[in-house]
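Dropping the structures in below, format is structure tokens.
What follows is a pair of complexes built around chain A, which joins chain B in one and chain C in the other.
Then we have the complex of A and B:
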């Protein structure tokens, strides 16, 4: 990975989004927090490994999708993220509403 | 009664040299007085020592799942010495926030890539607790 002093703008956006997810996870219950952290970390790492660094169009798409999911996750009624078999789920993690809110 | 006592009280106060000295000193060092006045109410009284900051930061780093604790030193660079990538570094900086009850803005967080920089940031942060 490139030296930290050379983080590109798009890398900074990705790290900022990751930070946003981790910050939001802190606001949930400890179990949910742990689950959100695992799912988010797995998703970011999977994309970091598999997505071509120069595929800006796709990275921009992932950033937009991630930002939308983060906005949903910030809703206090949303308790957490869930994924079913990440590899077979092209849409990525989906947000989960708490049973109380339904 | 109060009226009768007033001159006596005023005379006593005027004769006492120490309040005058204090007032003079306060006038020439207004910030010193402000500091002294705020002291009993300040929550930063027990400001962290640098050693304490270093010790707690070393512990945060050693507890990260990807870090080999034997490689952690106050001079360590997250990527070069500890083998962390940029996502790990975000996790480490977030853990530092929690340890010291801080919120580090993105711009600052992006710059913290080594223990020396983390130590510098936390030790100079007035709200670090």
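Then we have the complex of A and C:
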């Protein structure tokens, strides 16, 4: 593990995205917040383990996708995140819009 | 605008009684901005010896930080955590470090800027920054 001052630009972007998700999760109801945090944390750790660190194209794609999902999650009408697994395909989290705002 | 400026000044000078009474007598809103810069420059030199005391963060803060770090990394009570401990030595990866900083923010009611967040690597770093931010935080 490199020391933190040696983080690359793309690593910083990933961490900043992670921070963004955790910050946004604070704005939701406590139980949703907990769900969001565990989903987001699982997703980041999963990718950190499984994605080749030199596969920049894929990482850039994940970053873009994450940013879009974060934008959606920031909407106050959005109350939670949920994940879908189809045939154990690693599906990314999808943003779920609840009809009733709590 | 002028009102906002005066809030800044009083927040910065709040602890220095002499300066604040001086401010009350002399500063008119017209030349507030220039007064503010000089006042600030004076304040830095006034403060620097005290500031060093701040830098060695209060042991209370260090203890609280240690407790949160332990909790966040799911370390047992018997785990050895020292103020000089690097988060990475305690088994934290960069994602854990982000989580630690977020947990500290919440505990102390502060906001850590992105750049500062990246430079925190030890418990002492975190405690120093927290004490600085808490001290700078304008009274609610």
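Criterion: the second predicted complex is superposed on the first by the 94 of 102 C-alpha atoms of A that agree within 3 Å, B and C clash if a C-alpha of one lies under 4 Å from a C-alpha of the other, contacts with A are read in each partner's own complex, and residues count from 1 in each chain.
The definition used in the following text is that a contact is a pair of C-beta atoms (placed from the backbone, for glycine too) under 8 Å apart; a residue touches a chain by one contact, two chains touch by 3 or more.
Keep in mind that what you see is a predicted model, and the values were worked out from it rather than measured.
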Superposition on chain A - do chain B and chain C clash or fit: clash
Which superposed partner A:7 touches (first chain B, second chain C, both, neither): both
Chain B versus chain C as contact partner of A:51, first or second or both or neither: neither
First, second, both or neither for A:41, with chain B first and chain C second: both
Residues of chain A contacting chain B in one complex and chain C in the other: 1, 3-5, 7, 11-12, 15-16, 18-19, 22-23, 26, 41, 44-45, 48
Touch list for chain A against partner chain B, complex: 1, 3-5, 7, 11-12, 15-16, 18-19, 22-23, 26, 41, 44-45, 48
Touching residues (chain side chain A, partner chain C) in the complex: 1, 3-5, 7, 11-12, 15-16, 18-19, 22-23, 26, 41, 44-45, 48
Residue ranges of chain B touching chain A (in the complex, touch as defined): 78-79, 85-87, 89-91, 94, 98, 106, 109-111, 113
Chain A-facing residues of chain C, complex: 88, 93-95, 97-99, 101-102, 106, 114, 117-121
